[in-house]
């Protein structure tokens, strides 16, 4: 059977590299072209020597006149602002698009503007006409829409962990919607490939910190999704923390329980909610989870706890920020959009230790 | 001037080592005897070679008949259960005692029992007659009592960070007392010196996890202190997390704001509350803090933030768990108990990076 | 086609876990039974939660009467002394054996004794009759013998990196055999699963050290293999170092060059020597290599350098100590012994970063 | 007594910060001015918040007309090329100068040129007239000259560890001078403060590598010093490695032993050689040393080993690259140049773990 042909724009970043890694072992899809503005003309394995012999394809410039016209999907593994400019070209050629940034996570220009202001973007959206058809690419919540869509906005890494950790609690009316606090901890790979003083190895070696307190841009999409599920506007408290390890997000989520619920029924409600989702696994307090169990995989593990003394639900939601939080979700979306099995190329364990 | 003579029981653990490090550069106090049940007869610098030439004193057994009788203070840098047995001997000799464990953090046998049950201790307290006179060793809250006391229960590391982070908010009626959530992150040195599978280097390398969700024993003393300040019973939600670095506690503290307060006035209230405390420093949101700034020091830095969207106070409280969270507080208490300047031997910056 | 059925004795250690990970994605082989003396009756995924849903098989005791009789291969992922006792049982049943320890790396009882004394073993070998038929399991050097063998001694992790780094230089008469120095650096996972003070996370956090200077037990097999290749007795200087990361061995190998050679011809000699070896890759000084490129893979990358000022060959040899240095080599051997393609289940890149 | 007044040019880098840390607790010297081209007008503690309350002095521009004229010493904690331009101004004002870079490590323009070419500098030395009077700032070898000098070239970090590890062996005719190999491992703080892709936290997290094989610029000064001691030209093999920790250099040094020496006499020779050096400590093979023991201190620990099988001396030399390898040596030199006790402000242990 012919393999799905995938283009990756922004191939040289961690998000592009992650997609290449997954596609290298994907039985039903293959990398057809790699595009970036940096390192044009150099083989991917030169920048990422672990791909030596697995992906030696040369990076093309976005302006390269010799761009393949027969791609099934293009992944924009690019920062905000790139996909919204580049998507129309591919869509017009019949190529589907998954964008990693916030460019297509919102369905109208106004909402987008609200998001964009948080990251200091003042420009108008370059393709506002596409916003209404774009789908938020969290398969566990929008599987059917993604299947039918040609344009998907891949979710933010923190958003994946928080939305998956909270949706059953809101859908099943387990918690008070106004009481949500997400205390998120992320590995440093979430900062991407470009070096900055904050992410310099010696500056980051034995330290941790909270940052963007009450101002992280992912809050926007988390609140939008949670509000949709709850059927009312939801505002959350969200504090991200930078932790000195490479991969992993651990979000500790707190909310007030509605009356009359037991830990057991809540755990069952979560399990029931995700019983068709191959990548979400629900655990009780007897099976504590660590971020390393997710490393290199597309899983999201949820640990469901109840603090009876304060009547709180405490969900610990764990992902690999570069897989389920980025390239893994992109491949999961690609699978759905191209009629492949949702789990193809993604169903493997990580390595330990 | 004659130096204060200090004995350290449990010298071989990280808490004992930390006290030796601080006393080595302390102008007014000195190590007079080192006691432990392990490594008896070996010089301290053999177990801790960085102390070579600075502390080559030999470890004595607790049963050693030749124990100095002229000590001013003994630090019990020992696990729960040891100090409560050993304290009477020293007190009877006129030696003051600081105990690192929970043995003397509570003032009656019943309260102690409640604490002890959380750590699986079923034995009665060995010296219940001493509980009523023991003082909780957090100098910022109990300075005068510590000065007059001969028996101090040094606070737990998480407790130091959470109590210092919350006390002004409760004392100044800034927050709703029933809304407190402490999300604490600790470096692995908090686990002590003894190796366990959980703290094995490869098992801990690139991972983080929540543990003892709603069941950590430090909650007990945090709630006791906060209740005292608030003048009413307070129950908190507390989740500790293990983070793959060596030193540092970062507690992110959330609580609902009472109406009519601004970020500025809250910050000022905190600053006013601690204006006589050399080791607590208050910062606004413009000066984000990292745990490494505290490393090796007795400081507690507080970052005061307000989330106006959800009307929450968010305090980030940072300490070095082995200094302000353990040996540093012990030396601070020792200074107060022996009439030395509170900051003696403790007022130095750490190293960076 | 029927899959090769594999038993793993010592399944609960890192070496057993590594074999399970590789077999989980191996198209031609499968785990048939897991045996250990610890954690009997518990599913593998309870000790290694990252295997949840991939290997939930329950650990059997070695004494379990219900042991499958139809295994094709058993891997003894066990410490020295276990395989030599257990191997006869399996061999008599027609099951092939790969042993991870030093038990079957030597071909007579006397040589074994010399090795055993280095690790403090004084007992006689339990199955000396098997030693003459056992094969040293480094496929790049003994491929044909391994194919025909029913008993293979998997090589030591340091040995893999040093032997692969030196063999072409000796075989092609590039270096003076008496001048060899191996300065090896290893991640901490090489210490295995059991916690010890030396490998305690806080004790290991920001530190490095040389150990067993001129006394490491792997020297014995390195010298044996190098002597075989050189056709004369070779003695090497070997210093291992513990480095604070989890996976990876980097051996920096120094030797005096014979006259009349150029960097280019040496690099070509290495490339020629390994041109049929899928897992050994040779690079010149223009392509510096890092240990992370090998992480999770069965590759050994060799960086070939010449110091013209001192007329030295400097080879940097890199592996993942838990894959090519342990479980990967075991699976590579298993493939050869069972008539599978040598690279089956092993030909994939790692993840980065 | 009046304190020695110290200026620091390049205050904002790790080398400047390290000097400030040491001077903060120095009883006989004090920071008088901080100069840098970056962050002019900002207090030092803004860039380095751990210095809050200890050094809040504002950074001056090098062009600031209001530069103090009464300084006793200026430290140029600057990259190559800066000190050679700036030194004359201070020297003319009667201020002594210690330069951290290679600018004043060599005593004539030709030798300097050889060094400079290794780091890609093609410019002529800006102050060649000063080279003949400059002294190489390794106090253990040049104490008396440093005392009398007004211009000192602080040694390179690798050079400190290798020269101290080898000098007694050459001075006492213990080794064959042509057989020296230095395999050096360094923490990442040696790369300085400026972020680069190579030192980006995720890129460096679980990896190690050799670099500049046979081409590191410190080789030049190591060979010069060793040749001086040996009384003949010495060429060494030197391979640096980057290791994922922050502070620490561990150099493993190999050389062929001359005949007729025992491990014991060699150890004694080393001990004798350094018996007046407070910061160099000699250990036998029974006291293995780790880099963390040196962290934050000005010590250099030497572990002396003999491999009898190959007749090699193996010295493990350990320092903190930012202290004895940089700012600590600078303060040690400053003490000597200003008539203070050599160890003032430097004689303290580090912290552990």
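Which chain is which? They are A, B, C and D, in the order written, and residues in each are numbered from 1.
Heads up, the rule we're going with is that a contact is a pair of C-beta atoms (placed from the backbone, for glycine too) under 8 Å apart; a residue touches a chain by one contact, two chains touch by 3 or more.
A quick note: this is a predicted structure, and the numbers were derived from the prediction, not measured.
Enquirer: Please tell me whether B-C or C-D has the greater number of C-beta pairs in contact.
Expert: Output for the comparison: C-D.
Enquirer: Based on mean C-alpha positions, I'd like to know which chain lies farthest from subunit A.
Expert: Centroid comparison gives D as the farthest chain from subunit A.
Enquirer: Find the geometric centre of each of subunit B and subunit C from their Cα atoms only, then give the gap between the two centres in Å, rounded to an integer.
Expert: One centre to the other, that is 46 Å.
Enquirer: Taking the mean of the CA coordinates per chain, how far is subunit A from subunit C in Å?
Expert: Inter-chain centre distance comes to 37 Å.
Enquirer: Just how far, in Å, is the C-alpha centre of subunit D from the one of subunit C?
Expert: The mean C-alpha positions of subunit C and subunit D differ by 39 Å.
Enquirer: Send over the residues of subunit B in touch with two or more other chains.
Expert: Those would be 14, 187, 189, 202-203, 205-206, 244-247, 289-290, 292, 295, 353.
Enquirer: Quick check on the complex: what are the subunit C residues that touch subunit B?
Expert: So the residues of subunit C in touch with subunit B come to 14, 187-189, 191, 193-197, 199-206, 244-246.
Enquirer: In their shared complex, at which residues does subunit A touch subunit C?
Expert: 14, 17-18, 21, 24-25, 48-55, 189, 205-206, 246-247, 281, 287, 289-290, 292-297, 322, 348-353
Enquirer: Hey, which residues of subunit A end up touching subunit B in the complex?
Expert: 181, 183, 185, 187, 202-203, 205-211, 213-214, 235-237, 239, 241, 243-248, 250, 252, 254, 285, 288-292, 295, 303, 305-310, 312, 314, 316, 353
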